[in-house]
Each structure stands twice: as C-alpha cells, then as structure tokens.
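Each in structure tokens, the structures are laid out below.
Below are two complexes that have subunit A in common, paired first with subunit B and then with subunit C.
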Partner chain A sequence: MTFQRFLLRRALMVIPLMIGVVFITFMLVRIGGLDPVGRLAGPTATQAEFDSIRNNLGLDQPLWKQFSIYLGNVVRGDLGESWLSNRSVLTDIKERAVISLELLFWGVGIGALVGVPVGLRAAFRPNGRFDQFTRVLSLFGFSIPTYWLALVMIFVFFYLLGWSPPAIGRMSMLVSPPDMITGSYVIDGLLTARWDAAWSAASQLILPVICLAIVSAAPIIKQTRAIAIEVLSSDTVRYAHACGLPERNVRKLVLRNSAVPILTYIGTEVTGLVGTMSLIEYVFAWGGLGQYGLNAIISGDFTAVQGYVLVLAVFSVLVFIVIDFVVYLIEPRSELS
Partner chain B sequence: MSDATQTELAHANPLPVRARVWNRFVGIFRLSPTGAIGLFIILFFALLAIFSAWIMPHDPIAAYTDKVLHPPSAEFWFGTDGNGMDVFSRVIYGAKFGFGIAIPAVILSLVIGIPVGLIAGYRGGLLDEVLMRFVDGLRVFPSIILALAVVAATGQSLLNVILVLGVLDSPVFARVVRAEVLGLRSSNFVESAVAAGNPTWRILFVHLLPNAIQGAMAQTAVRAAWAVRISATLAFLGVGIQAPTPEWGAMIRQGAEYMVSGQWWVALYPGLALILLVFGLNLFGDGLQDLMDPRRRSAK
Partner chain C sequence: MNFIKKTAAASLALVLATTGMAQAETMILASPQVPEGFDGDALKAHTQNVVTQVYENLIGYGKMEVDGHTVLDPNDLRGHLAESWTTSEDGKTWVFKLKEGVMSPFGNELSAEDVAWGWNKSFNQKRTGNFIARVSNVASVEALSKYEVQFNLSAPSAIFLSALTLYVPGIYDTTEVKKHITDADPWALEWMQSNTAGFGAYHLESLRPDDQAVFVANPNYFGDKPFYDKVIYKEIPSEASRVTLLKAGQIQWIDRPSIQKVVDMQADDSVKVERATSRSVAAARMNPSCDVFSDVRVRQAFNYGVDKDALNTAVFAGQADIAKSIVSPIIAGSNQDYFSYDYDPEKAKALLAEAGYPDGIKEPVELLYSDAFWHQEPVAIQVAGMLKKIGLNVVPTRITSSEMRARAAPAVQDMCFFTWEDGPIVLDAVYAMYLMTHSKGVSNRAKYENNDLDVLIDAGRQELDTDKRMSLMNEAQKLWGADAPWILVSYPATFEAMAPNVSGWVYYPDEHERWRELRGD
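On to the complex of A and B.
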C-alpha cells in the first residue's frame, strides 16, 4: 500500500472516532451539574437576565439541536467562543499549542534519550545490579506526583540556590517578548537575534523540562527493558549467538529489532504525558494548552473544554500517524495497516 | 504431582501451622524481595490509618492561630500550615483517604470489569467489538484529564471521586479477563461444561472465572497505586476533596504558595507520604505480577 492511500484510510477511520469524542464531551459537560449561566449572570441577576444569557448561548434549545449546531460549526472549523472570556476558542488554542509542544518535545525527547539506553543496558544483564537498581528507580519515578516534584524543584533551585528564575511564565517580566514567528520564545528570539529574550526563555524552560523528562523516563526505561528482553530471547538473536556473532554485533541486532516497538511505545506514551505536562504547566504558570485545558475544566467553560478535548484527540491521532510513518521508514516491509 | 501424593507427604512430614505459614512467607520474600518491601510499606500506612486517632499528637483540623507556619519543632514535628494546623497529624490522618479511596475504587473496577471481560470474551461478536472500540477511544485521553473532567462535571464529593475512579479504571480489568477468556473459550473443560448442560452464567462465573481471574488480581495493587495518585492529583487541583480536609493532595495545594517563600514543610511532608504509599503499592504490585504471570517470570 502506498503511503498516500494509507494516510487516506487512516483519516477516514478517524472520522467516526472524532464524532464519538465530540459527542461524549458534549454530553458530559451538559449532563453534569455545572451550569455556567449562574456564574455569568452574577448574584444579582433577574430571571429575565438569566433567560437572555441562556438564549444567547443557545442553551434553551433541545440537546440534539445544540449538538447538531455545534457539530456543524466544528466541521467548518469554528470551535465557538469561550463563555467566560468571549474569546475564540480556536485562536486561544492555536496560540497555546506551540508553547505546549515546545515543552512536550524537550521533555519527552530528553526522557527518551535517557530512558532508552538505560532500559537497554538493564536488559542486557537481566537481574544484574544495574537492572535491579534501575527497576526500583523507575518504579519510584512512577510514584512521584508530578506537581509535587515541580514544587520541590522550584523550592530548591529558586528559593534555596537561586539558580533559576522565578517560576512564573515562560519569560522574565523584565524582558520584552520577541516578535512572534513560531510562537516559541526561544526560537523566535534566536531568529530575530534577540539573544536576551532567547536566553531568558531558555532558562525558564529548564525546570519544567527536567520535571517532564524525569516523569517520562521512568515508564520508558521499564518498557524498553521488557521489549529488549523479549528480542534477546527471540530466534533471530539465538541464531546469531549460535553462529558465533561477536557480542557487539548481537547488540546491534537487538537494537535494530527493538527500535520499532520502542518507538511505538513512546508514541502512546506521548498522549498520556499530556496530562503530566498539564500539571507541570499549572504549577509553573506556563500559559500553554495544558494549563488552558485544566482551567477550562475546573471553571466549567463548556466550549473551551470541548475544543480542548477535540484538539487532544486530533493530536494523539496525529502522533500515531507520525509514528506509523516513521516505523514505515525504518522498516519498509512492515505493513501499513 | 497428584493431590493424593501431596496429602501423603503432608501427613508424613507434619509441620506446625505456624512454621508452615512462616516458611511460605519467607518463600515469598525470597521470590520477590522488592515486593515484600512494598508490602511492609503498605502495612505501615495501613497501621497509621487504623490507629491514627492514637498516633496523632494534635487534632488534624484544630487551628493554632497563634502558631501559623511554624517550622518543624518538638511540639509540631512537621511544622504547622497556613491555618496553624499540625502538619504531622494531618499527614497521618491523610493515610485514611489513601486507603479509603483506593480500596473501594479498585473493588468497584473489579466488580464492573470482570463480568464485562467475561461476557465480552465468551460471547465475542458485536458486543465485544463495540466494547473494545470504546475502550480504545478512551485511551486517546490522558487518564488525569478524563478523571478531572468527569468529576468536575458530575459533582465534587468524596463518593463521586471513588465512583469515577472505579468506573474509569474498570476497562483495565475487563481487558485482562477478556484476553484470558478468549484463550480458554474453546478448551476442553468449557466445552464439557457446555455439553453437560450448564447455563451460561454458571459457565462464566463457576467455570471460567476462577481460571481467568489471576491476571486481574495481579493488577489490583498497581491500580490501587493509580487510584491513590489520581485522587491526590484531583485534590491538588482543588477538585473533589477540598481544603482544610487533611488529604495529601489538598495539603500540597495549600503548601504550594509557601514553596517560593521558604515554608517548605507544608507541602513537602504530605508529598513524601504520598510518594511512599504509591511506591509501596507499585513495588508490591510489581512483585505480584511477577509471581502470578508465568510469562513475566520466564522473561527474567
């Protein structure tokens, strides 16, 4: 199957999933006890004001009608306006997506760069001292609450040592942000030769990235080890051993054969890490998509929650497609299915 | 070895019950030392939760308004928080929430997940297909976002947190049981049970259940760890359990603002307690999976 056809089929398969996602979140936020009208109207509102707000938001329509209107708007690329801030949800999300992607990219990237070699080394000598040690360490990593780790790091590196800038936002308040090109302050700063801005943004990035890397490395270590051990006991590797291939070449073979499952695992891991990232953004007042989503859920901003959840679903589907494509590049004989 | 010879051996070499129990315990410890350490940690917190009333030096919600934000001292071992409440007593009391949420949530997941897995695996067909697609669809979302959204939408109470966590986690058990049942469905003992005229419910719950439940039971401790972690995260976000309830996540929320002004003890200690309990559950769960899953054992 060519890649274009594969992409087309994938896209077609995604549509029912998307409609399901839109439907479930739509129902969820409406059936629940949260009613934004009371909050919007304020404590002194009269019944007439209540009704007019309800009417403006379209909440007086029957549910199925609300849903069909919303679905129609989504198809046209209109995610509606936030009920609390009256801003377009799509614009809000677009502005914040790059900010979160930047954090996610560095966090997961560093987590994988550390986790994969550690997991492989543990697998080459199962139950050895290194394996036992990393096993307990990765279980420990599983157990650390992200937000607490972030708080402790702020305390140590900002309050005690004074090495890091105050953990509010993505850039020092004394530096003016660079012209917007990509949305990432670091890249924009470098592109427009605003070294001070790039430097400030990079130094703000370090702590949240380390937090995310620690939390993402733990499961990667565990999974890499399991995958490599399975490959080590496969016929291919046994045959290679039997042929007297030197250890170094055998390891290369193991690496080659575990690359695809490890990559696939990291792909699924990325979607789960969006939750972790949201918590880190929340603690560091990062202002990205994760924090936006959390705040929208907590404050009951229906349209924003719907938009956020939809974007999350699109994002994870995109990640799966990209992973499939990379796997296809590494291993052309693997079926695109 | 047949059952008959085993009984004979037991008669030939009678050990006192206490020694046998002890031998088995030592055996488990030897098979999985880390798992045993996990079990000790869990027991430690269980004792704290049960005997908290006797261990706590202060009332966990008594505010000493003249001793706000005191650092750790002989009187307040872990210091006092922004309301002047004793952090040490609150951390001890918090263990109750850990168990009080995790145990019912996991039981609920089992009660929902096991029958669903049994039926889906045994019947197959459209029902199975729809259920599994639904579960796959849910995996698109990070579990914390899903839990947060459902709790925020359906009402913020302790009971609701337990219900939501229990329901959201039930697919884990359904999936494991379903996979087991798929493998057992066409085995001889099931076919003879069908041929003997057993009703379907009897085949499911009397014949298949005991053979398919092991994988699910091995997951319980790890899922309990998940429930403890997620419930604390919800409380940290201010959803579900609210301050000044002495719950670890809510306490970390209270202490968050003091981290940048140097009063580290408010958020540090509840976090450490949370890590330790979750770590213990994970260690124990890891050992449990090794002991119960023959494939994992052989992989080592």
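On to the complex of A and C.
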C-alpha cells in the first residue's frame, strides 16, 4: 500500500471514530452531574435568571438537538466558546497545546532514552543484579502516585535543597516572556536572543520533565525488557547464536528486531500519558492543555471539556499514524496497514 | 537555597535595570485560578477577589480596634468617593456631593455621570448589582451636575448607606469604558471580560488566562499611595504548592487556605495566619412546609440532638465559632442569647415524643448537601450520625451545587433538609435578617415564613433610628430562635495566610482583603 493510500484509508477510518468520540463525550458531560448554570448564575440568582442562562446556553433544548447543533459546528471547525471564559475553545486549545507538547516531548523523550537502554541491558542478563535492580526501579515508577511524586520533588529539590526554581509555571514571574513564535518559551527565547527568558524557561522545565520522565520510563523499561527477552528466545537469534555470530552482532540483531514493538509501545505510552500530564501540570501550575482540561471538568465547562477530549482523540490518531510511518521507514518490508 | 537566591537576585537586578523602578514593591498572590472575568455584576470564579481592588464606592467603613485587631466599625459610615450627602425629610431622596479631583488610571476625573452609568448598568443586567439596588430600595440614580448625584428610593432604607460601601453596582471610568461599547454590547461587557476601568487603587495591566493577572497601582489614586506598586495574581492550582511557595518566601499571600492547611501553617513561623470571625453562618436548614418539620417541637428536637461543639472539633478543626444567632457577632445588633439549644439528647427525645414520635422517626429524612461549600458534606454526615442516636433516620444525600441553588431559589424552595452557608455582605442586622429569614429574602431558601417576623423586619428596614432598629432586630432574633428553623452550626472563621512581614489586613464582609491597605515592610 502506498503512503497516500494509507493516509486516505486512515482518514476514512477516523471519521466514524471521531463521531463516536464526539457523541460519547457530549453525552457523558451531560449525564455526569456537571452543570455550569449554578456557577454562572451566582449566589443571588432567581429562578428566572437560572432559566434565562439555561436558555442562552441552549441547555433547555432536547439532547438530540443540542448534539446535532454541536456536531454541525465541529464539522465546520468550530468547537464553541467556553461558557466560563467566553473565549474560543479552539483558540484556548491551540495556545495550550504547544505548552503541553513541549513538556511531553522532553518527558517522554528522556523517559525513552533512559528506559530503552536500561530495559535492553536487563534483558541481556535476565535475573542478574542489574535486572533485579531495574525491576524494583520500574515497580517504584509504576506504583508511585504522580501527584505525590510531583509534590515530593518540589518539597525536596525546591524547598529543602534549593536546587530548583519554585513551581510557579513556565517562567519566573520576574522575567517577561519572549515574543511568541512557536509558543515554547525555551525555543522562542533562543530564537529572539532573549537568553534570560530561555534560561528561566529551561530551568522551570527541569522538575516537571524529570517527574514525567520517571513516570514514563518505568513502563518503557518493563516493556522493553519483555520484548527483548522474547526476541532473544526467537528462532532468528538462536540461529545467529548457532552460527557463532559474535555477541555484539547478536545484540544488534536483537535491537533491530525489538525496535518495531518498542516504538509501537512508546506510541501507546505517549497517548496514555496525557492523563498523567494533567496532574503534573496542575501541581507545577504549568498552564497547558492538561490543566485546561482538568479545570474545565471541575467547573463543568461543557464546551471546553468536549473540545479537550476531541483534540486528545485527534492527537492519539496522529501519534499512531506517525508511529506506523516511522515503523514503515525502519522496516520497509512491513505493510502500512 | 543557592539556586533560588541566584535566580531571584539576577531576575530582580534585571527588572530593576529594565524598569528603573528602584523602589517598586511587588506582591505575589497565589490563587487556585486567575479571575474569569472583571464585571462585578456577573460574578465568575475569582471575579469578586479582584473587582474589590479596582472599583471603590461612595461610602466606606471607619475602623476600630478590638482585642488588638483592627476591624471595620459597622456604625461608622463615612464618605469615600463622596465628600458629603444630604437626605430629604421622607428619606427617599439622597444627594451625594462627589470629591473633586478623583482620577482613574486613564487620567479621567470621576463625575456624577460615572456613578449613574454604573447603577444603570446594574439595573439593566438584573444580576448582583440589581439585587443590591432592590434590597436597599434604590429605584433610580441620576446626575444632577458634574459632582452631584441623586439616588431616588422607593421607600426609606436603613441599609442604603451600607450598600454604598460595596464594589457593586460599580463606579466606572465611563470615558474609558464608552470607547469599547458597540450597538450589540452597550455596556461593554465583552471588554470587561478582560479589562478594568475604575477609580480604585489598582487596575488590571495584563492578563494571561490560566497563568496570571497583573495589577498595577493607579498612579492617580486619590487616597494614600499603596505600598505595593504591583500585585501579581498568580494561578497555582495545587494548594500544597501554594503553601510550599509561601513557606519558602516566594509569594506573599495565598488565597483562602483550607482548614487543614491553616492548622498546619499556624504551627509554622515562616507564615503568618490571620483569623476573623465570619459574617456568615453554616447550618442545616429545615423546611417548615415539609410535614416532618411543620411542628416546631420537631425542629427544636433536631437542634437539641446535634452536638455543635463536637461538630466544630470534627469538621472545623476547632477553628470556627459556635453560632448562637443567625446574625454573626461581628454585626452590630447580634444577640447570642436567644438560640440556646445546647446538646441534650434526652430533651430532644422528650420533644419528639410530645410531637407524636415517641420512637423517633423511622421514615428516612434526606439531608441534602453539595460541594458549594467544603464543609457541607462533613457537616451532613456528622449531623446524620448524631441524629441517629435520638432515633432519627437521617440520610445524607449528595446533589450538585447548581441543583441545590436552583431548588433553593425563591420560587422553588422544595428541599426539606439541607446544609448550606449564607451571610450578609452588608454589616447590618436588618439586612442579615431580611436576607435569610424574611419570607421574601433570597437567602431564606427553605420556605420559612413567620408573619410577625416579617413585620418586625419590614419595620426595621424603614426605621432610621439606630436604637429602635436594634430593638426591633433583637425581638426578631428572639422570635426566630424560638422557631428554630435551622440547626445553627457555626460561623466558619475566615483565614488569610501571608508572609510574616505583611501587615495591615482587615476583614471585610465580602471576605476579600484590600491590597491598598497591605504593607510588606
């Protein structure tokens, strides 16, 4: 299958998926006990004011009608306005997406750079000391609550040791942000020669990135180890051993044959970490998409919740398309499917 | 702490070098979120926290010292933006002379037109400001000259002057605001989503949603120059992070800490915690129109069956004040003698037996609660547990806060038993009683009606003689206490946490500090 046909097929598959996501999200927020009317009306509102706000938001319409209007708007690329901030949800999401992507990129990137070699090394000597140590380490990473880990890291590295800056968001409050080019303060600071801003943004990134890297590295280590052990016991590797191939070459072979499933797993990991990101952003006051989604859920901002979930679904699809394509580049014999 | 010191020093040096503000003082205030709007008539999350800093009004409270603390004196109402005022013999027409030379940060002078415009905006929006106008009987406001504004009241109002201490209806710099009105938006409400234009001590300089709002001092402010030139209202969603930052000296103020954090911070020298008795009251309310609560003896039995001291310890960490009147003791005219239902389960059982329930009430009685106030759920659970001991089958049941507000609206009021908190924003006993106990009070919420009480309160609303008003409200509290329509729990104290060097905090009935009064030296 050519890449163009692959993309076309994926696009066709995505349509029913997106309609399903829009429908489920739309219904869930409405039956989930969220109701922004009370919050918007204020404490002195009369019944007439409640009714008026409900009417303005269209919440007095039948559910099917509300859904059809929303679906029509989504098709036109309009995710609506936040009921609380009155800002365009799409604009809000666009502004915050880069912020979260930057954190995700560094966090998962470092997690993978650490996790894959560690997992491989553990697999080459199963049950050895290193393997046992990494198993404990990955169990720690798996079981530790992200929220707690973030708070402990702030307490230790900022409050006790003073090694990291305070958890006050993406930049020190005493430094003004650089002109926006990409939305990443680090990159924009470098591009505009605002070294103070780039330095401040980079130092603010350290703790949340480490936190995310720990959380993402644990399952990568475990999965890489399992995949590599399976490849090590495959006929190909046994044949290579039987042929007397040097250990270095055998390991290269293992690495090559493990690459595709490991990469696929990391793709799954990226999409799965979005929930974890919300908590990290919350604790570090990061102001990204995760924090936006969490605030929207807590305050019952229907349009923002729907937009957030929809964008996450699109993001997941894009990640898997990219992974499929990268796998195809690594292993041209594999089918794009 | 090397990293922090170096970064802070470098950043500070940079700021000083680039701004030239050698004496600039900045206060960083950490809050769960950045304000969602800046229109006092349409209160959104954290709007009230900041409009109180931007929009000041015609009248202000004087201050007095009580037990070493500076507090507002509800009996000392003095001109703020107003220099003086006169009233007609029938008490229905008030003319205020404005101070001259009061300037907004945009360089425009306060005029009577500005005052009238703000009130007309509130009348038009029919929200918070309109409610204030209604309870203080203000029918219309008109500019007589540049510095004279007239208020026309539908009836004399004893709380009218107190109402003029509030941030809403706001007084806007209409010269600036009118630049942003359109045919579709004649009150510039869209512009007010992210801008301010008042005559107060601060104004909004910049806003980054989900990040921070920066306020700077009004350079033309008519009052004393504020100590802080800049206030950064920073969004730090996690309370644990806010407390850590305060303890580390990175921020100077955190917004309304939870009771658990208050207890933690009270034991920490690196943080200063201020406390004030609240003007509001937490209670479990009984609806006399429901069969089970129609008999006053049942309502009294419910009150005797609840141990308020135990509730204070279990729910409020012992930090609240036990409520003995619906009117908080910080309000002049509060009488704490008429609601004496000390814990007495035997007396409760006897009253129930008298009312025809010798074996208690086996039918489930739902005690509704929501998440509108943090204490609603634990109070409901504790109260249900205590009432079970006197044979009452009370079932705590959670509903959404908006459902609770909707069902408590004047036209509905169909909840039989629920927990809630209410309090007057004006420090006045008549206002408090009208708001929460009058059959037309919007915070009555549980269909309590007593004609004799209504008569007393209505008389109090129109009585301008302070002694007579207080006497009427004394009688009203006695009547209400005997009727026992609420299980009064406590006045949940208000706490503010700040850096140890911050001083000048005074409790305001809207429960928001005034930045202009704070000092950091």
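The definition used in the following text is that the second predicted complex is superposed on the first by the 337 of 337 C-alpha atoms of A that agree within 3 Å, B and C clash if a C-alpha of one lies under 4 Å from a C-alpha of the other, contacts with A are read in each partner's own complex, and residues count from 1 in each chain.
We adopt the following convention: a residue touches a chain if its C-beta (ideal position, glycine included) is under 8 Å from a C-beta of that chain, and two chains touch if they have at least 3 such contacts.
It should be emphasised that the depicted structure is a prediction, and the values quoted were computed from it without experimental measurement.
Enquirer: Tell me the contact category for A:274 with respect to subunit B and subunit C: first, second, both or neither.
Expert: In the superposition, A:274 contacts subunit B only.
Enquirer: Could you look at A:197 and tell me whether it touches subunit B, subunit C, both or neither (first, second, both, neither)?
Expert: Touch status of A:197: no partner.
Enquirer: Quick one: classify A:169 as touching subunit B (first), subunit C (second), both or neither.
Expert: Only subunit C; A:169 stays clear of subunit B.
Enquirer: I'd like to know which partner A:145 touches here: subunit B for first, subunit C for second, both or neither.
Expert: After superposing on A, A:145 lies in contact with subunit B but is clear of subunit C.
Enquirer: So, does A:49 touch the first partner subunit B, the second partner subunit C, both, or neither?
Expert: Touch status of A:49: second partner only.
Enquirer: Taking the superposition on A as described, I'd like to know which of subunit B and subunit C A:293 touches: first, second, both or neither.
Expert: The answer is first: A:293 touches subunit B but not subunit C.
Enquirer: Could you tell me if A:108 is touching subunit B, subunit C, both of them or neither one (first, second, both, neither)?
Expert: Neither partner.
Enquirer: Regarding the shared-chain residue A:155, is it in contact with subunit B (first), subunit C (second), both, or neither?
Expert: Both partners, subunit B and subunit C.
Enquirer: For A:282, is the partner it touches subunit B (first), subunit C (second), both, or none of the two (neither)?
Expert: So A:282 meets both subunit B and subunit C here.
Enquirer: Taking the stated contact definition, name every residue in subunit A that is touched by subunit B in one complex and by subunit C in the other, in rising order.
Expert: In the superposed arrangement, which is not itself an observed complex, subunit A uses residues 33-34, 151, 154-155, 158-159, 166-167, 282-283, 294, 300 for both subunit B and subunit C.
Enquirer: Which of the residues in subunit A come into contact with subunit C in the complex?
Expert: 33-50, 84-87, 92, 96, 151, 154-155, 158-159, 162-170, 172-175, 196, 200, 203, 282-285, 287, 291-292, 294-295, 299-300
Enquirer: Give every residue of subunit A touching subunit B within the complex, in rising order.
Expert: Per the stated touch rule, the residues are 17, 20-21, 25, 28-29, 31-34, 126-127, 135-136, 139-140, 142-145, 147-148, 151-152, 154-155, 158-159, 166-167, 226, 229-230, 233, 268, 271-276, 278-279, 282-283, 293-294, 297-298, 300, 305, 309, 312-313, 316-317.
Enquirer: Spell out the residues on subunit B that touch subunit A in their complex, using ranges where they run on.
Expert: The touching residues are 34, 137, 139-145, 148-150, 152-155, 225, 229, 232-233, 236-239, 249, 252, 255-256, 259-262, 264, 267-268, 271, 274-275, 278-279, 282-283, 286, 299-300.
Enquirer: Which residues of subunit C touch subunit A in their complex?
Expert: It comes out as residues 1-5, 7-8, 10-12, 14-15, 28, 30, 33, 36-37, 42-45, 126-128, 131, 190, 193, 208-212, 232, 234-238, 240-241, 244-245, 247-248, 250-251, 372, 400-406, 409-412, 442.
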